[in-house]
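In the part that follows, the structures are each spelled out as structure tokens.
Note that subunit A is present in both complexes that follow, paired respectively with subunit B and with subunit C.
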Partner chain A sequence: MSWELFWLLVEASGLTILYSAISIAIGFLLASGICAAMLSAHRGAATAGRLFVSFFRGTPLLIQLLLVYYLLPKIGLNVSSEIAAILALSLCTAAYQAEILRGGFQSVPKGLIEAADMCGLSAFSTFRRIRLPVAVRLTLPALTSEAIMLLKSSSLISVVGVVELTTMAKDLASSTYQPLPIFAAAGLVYLIINLVVAGFGRLAERAAKRGHA
Partner chain B sequence: MSIVPAIRVRGVVKRFADLEVLSGIDLDVPRGHVTCLLGPSGSGKSTLLRCVAFLEETSDGFIEIDGEPLGYGLGPDAKRMRLAASSIRAVRSKIGMVFQQFNLWPHMTALGNVAEALVTVRRLSRRQANEQAMAQLEKVGLSQRASHYPGELSGGQQQRVAIARALALEPRIMLFDEPTSSLDPELTGEVLNVMRSLAETGMTMLVVTHEIGFAASVATKIVFLDHGRLLVEGAPGDVFSKPRHPRIDQFLDTYLDRGAAGLI
Partner chain C sequence: MNLLAYLSGEDGRNILSGLLNTCLLWAVGSGLGTIFGFLIAVARRYGPRPLDYLLQAGVEVIRGTPFLVQIYLLYFGGPYLCLSLGEASACLTLDPLEAGILGLSVYGAAYYSELFRAGFDAIPRGHIEAATTVGLNRWQTLTRIILPEMTMLVLPSMVNMTILMLKETAVLSIISVKELKFQVDIIGNRDYAFVESFTILALVYWALVEVCGVLGRAAERRLSRYRFAHS
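For the complex of A and B:
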């Protein structure tokens, strides 16, 4: 396999990183809302949050992807396959991230909140200064894992024709008749990206960990 | 002593589901003195302290801080009525609380913990808040540890930071919920010393503790709870000297066994 082919894979991995990063970011925003809904006292909101999570955790991403891809045109939304793919990835990771965040918020020790109450912090200050930073610290390892899972799952979007690392690998494999070296190289590129993501995750954890007992 | 006590507890009842933890407590905590709440585990002493801070909702009765009702007051129809959150926060601001588990915020340094409410509640500038926080840390002998995170401090140091955090807000009353119970024996001394010097400044203190020696030597009033009722209250000399109430005898025996004999 030539460097030229390898370089094509690296270039395509840029799109994998782009789609994944956008989906993780949108997913985090959605997850914050879903988590807030699940933890809220409003029963309807809590039920809606739980339904969302059980659907998107309980069905395969590939099915979700195809559903979104075929459903959007049916309801009059003619969006590109890239947008459909990002939407499906975002919804799926939102469900997982919402569960991770919910666990994080529920693990914030009650005593930290009581200390904030006794110091006169408002509910908003307590959320912003105590609950959120502590919950994020507690969930950093799980959020890093989720980012890695999503990056790998993004290979599925090749089925709706979005160009990214796996699509490129498939195309090259069939045009060069060298499937083995090409898929091995694609796997290597995924591995390198995820090692970098894991490294960033560890750095963030270490920065946050200084205070841990 | 003025006529209005620092803390007035009247007919306080606390139930958890079917379990009655406090069965009608009446108590006056005098201003400028140290009052110690003693009693066996499950006697309701920590629950009472938490009710005084309104960290627990009382099921019945009233609590007044400096003559102002906390949590529940009398409504226009003379019925017990939950007060507004703003009133609870205002009355609570007179109280500083120290917890058994310290409850320092783990993502902030010692200085950050003490300065936090000065910035977010008192609206001081970060620089002013840090200066005041540093002065408080100095008082508990920890200015050298200002930039350490709670996880980098010993239990005794963490508890002293927690005391500094409460004192920074200039409370009129300090509540201590078993402040040395989760500390190794060799670390309790440094916390008790800080509490002793605080008592000498005339701070009103209500302390739930198992440190009989501290109670006997520092408190001016001992309150003994048993099964959610106030069993005995009085000066340490009266409560501890013989003849004693049989429940107190029994309670003290456990501690005398543990080598506290010389302290009483």
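For the complex of A and C:
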């Protein structure tokens, strides 16, 4: 396998990173809302949140992706396959991230919140200064794993014709008749990206721990 | 769309055979994955140091690359992977189902091995020391202390992983393994009913996952007598 082929894979991996990063960001925003709904005292909102999480964690991403891809045009939204793919990835990762965040907020020690109450912090200050930072610290490792999971799952969007790393590998494999080295190289590129993400995750954990016991 | 019409005749038979194949892949993949995962965890804990590093590298590669790419490598690259001894040569040419089972088992083994490894590490040293002190030998310590305690520790994550394995079987339809999604896809394409077919698929997988979760929680309750308090 030549360097030119490998370089094509590296270039395509930029799109994989782009789509994954957008989906993770949108997913985080959605997840914050879903997590708030799940933890709220409103029964209907809590049930709706749990149902969303259960559905998107209980069905294969491939099927969610194809469902979104075919459903959008049917309800009159003619969007590109890239947008459909990002939407499906975002909804899926939102469910996983919401569940992680819920676990984090529920693990914040009760004593901390009571102490904040005693000191006269308002509900908002307690959230901003106690609950949020502690929950973020507790959930960072799980959120990093979820980001890596999503990066790997994003290979599935090649099925709806979005150009990214796996699509490029498949095209190159069939045009050069060298599936073995090309898929191995594609795997290597994914592995490197994931190692870098894991490294950033550890840096973020260390930064979040700074100044805390 | 008359759903019941699809459950009779040729379509019904195809859907049923697809569902059976999905369950077969799920059971065999999870079963072999668990067995090999356990062996990897044991080899990494009790084997020589270089073996530990080698297995760790293998596990990291499997866990760091997409399942789809692994399947492509195995299914499309396999026939180019040949071993020749003198005159005779053998290549790794697999039909889709074989590639699916092998790929799923290897993928599962890497993840399950990490669960077992964490389980080994989570057993308090004191329990093992206590077992040694009262005169249990290594085999007795393994079967009476380590395994029961570890079962309880890893069960919740085992259930999660097994659910993940079911969801990964759907990916195998991409290399034309004739499982549930593949069969329903054919009908959906023929009748131009994409949204309907994927909605039904989603509901079927969702139901299977929920059943698996309920069974897992029931197993946890039954095995709770092995639970120990963390010091």
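We take it that the second predicted complex is superposed on the first by the 209 of 213 C-alpha atoms of A that agree within 3 Å, B and C clash if a C-alpha of one lies under 4 Å from a C-alpha of the other, contacts with A are read in each partner's own complex, and residues count from 1 in each chain.
Rule of thumb we're sticking to: contacts are C-beta pairs under 8 Å (C-beta built on N, C-alpha and C of every residue); 3 or more make two chains touch, one makes a residue touch a chain.
Every value quoted in this text rests on a predicted model; they were computed, and no experiment measured them.
Asks: Is the arrangement of subunit B and subunit C around the shared subunit A a clash or a fit after superposition?
Replies: fit
Asks: When the shared chain A is used to line up the two structures, what angle, as a multiple of 10 degrees, is there at the CA centre of subunit A toward subunit B and subunit C?
Replies: 100
Asks: For A:Y190, is the partner it touches subunit B (first), subunit C (second), both, or none of the two (neither)?
Replies: A:Y190: touches subunit C, not subunit B.
Asks: Kindly classify A:F200 by the partners it touches after superposition: subunit B alone (first), subunit C alone (second), both, or neither?
Replies: neither
Asks: Once chain A of both complexes is superposed, is A:L61 in touch with subunit B (first), subunit C (second), both, or neither?
Replies: Touch partner of A:L61: subunit C, not subunit B.
Asks: Which holds for A:W7: it touches subunit B only (first), subunit C only (second), both, or neither?
Replies: After superposition on chain A, A:W7 lies in contact with neither partner.
Asks: With both complexes superposed on chain A, which partner does A:R129 reach: first (subunit B), second (subunit C), both or neither?
Replies: first
Asks: Now for A:R137: first (subunit B), second (subunit C), both, or neither, which partner does it touch?
Replies: first
Asks: Identify which of subunit B and subunit C touches the larger number of residues of subunit A.
Replies: C
Asks: Contact-wise, after the overlay, does A:A173 reach subunit B, subunit C, both or neither (first, second, both, neither)?
Replies: second
Asks: Considering the aligned complexes, could you tell me the closest Cα pair distance between subunit B and subunit C in angstrom?
Replies: Superposed on chain A, the two chains' closest C-alpha atoms are separated by 15 Å.
Asks: Show me the residue ranges of subunit A that touch subunit B in the complex, using the header's touch definition.
Replies: Its residues touching subunit B are 109, 111-112, 114-122, 125, 129-130, 133-134, 137, 208, 210-213.
Asks: Give every residue of subunit C touching subunit A within the complex, in rising order.
Replies: Residues in contact with subunit A: 60-61, 64-70, 72-73, 76-77, 80-81, 163, 167-171, 173-174, 181, 194-195, 198-199, 201-202, 205-206, 209-210.
Asks: In the complex, go through subunit B and note every residue touching subunit A.
Replies: Interface residues on subunit B, with respect to subunit A: 53, 55, 89, 92-93, 95-97, 99, 101, 103-108, 116-117, 120-121, 149-152, 162, 165-166, 169.
Asks: Of all residues in subunit A, which touch subunit C in the complex?
Replies: My answer: residues 54-55, 57-64, 66-67, 70-71, 74, 148, 152-156, 158-159, 166, 169-170, 173, 178-180, 183-184, 186-187, 190-191, 194-195.
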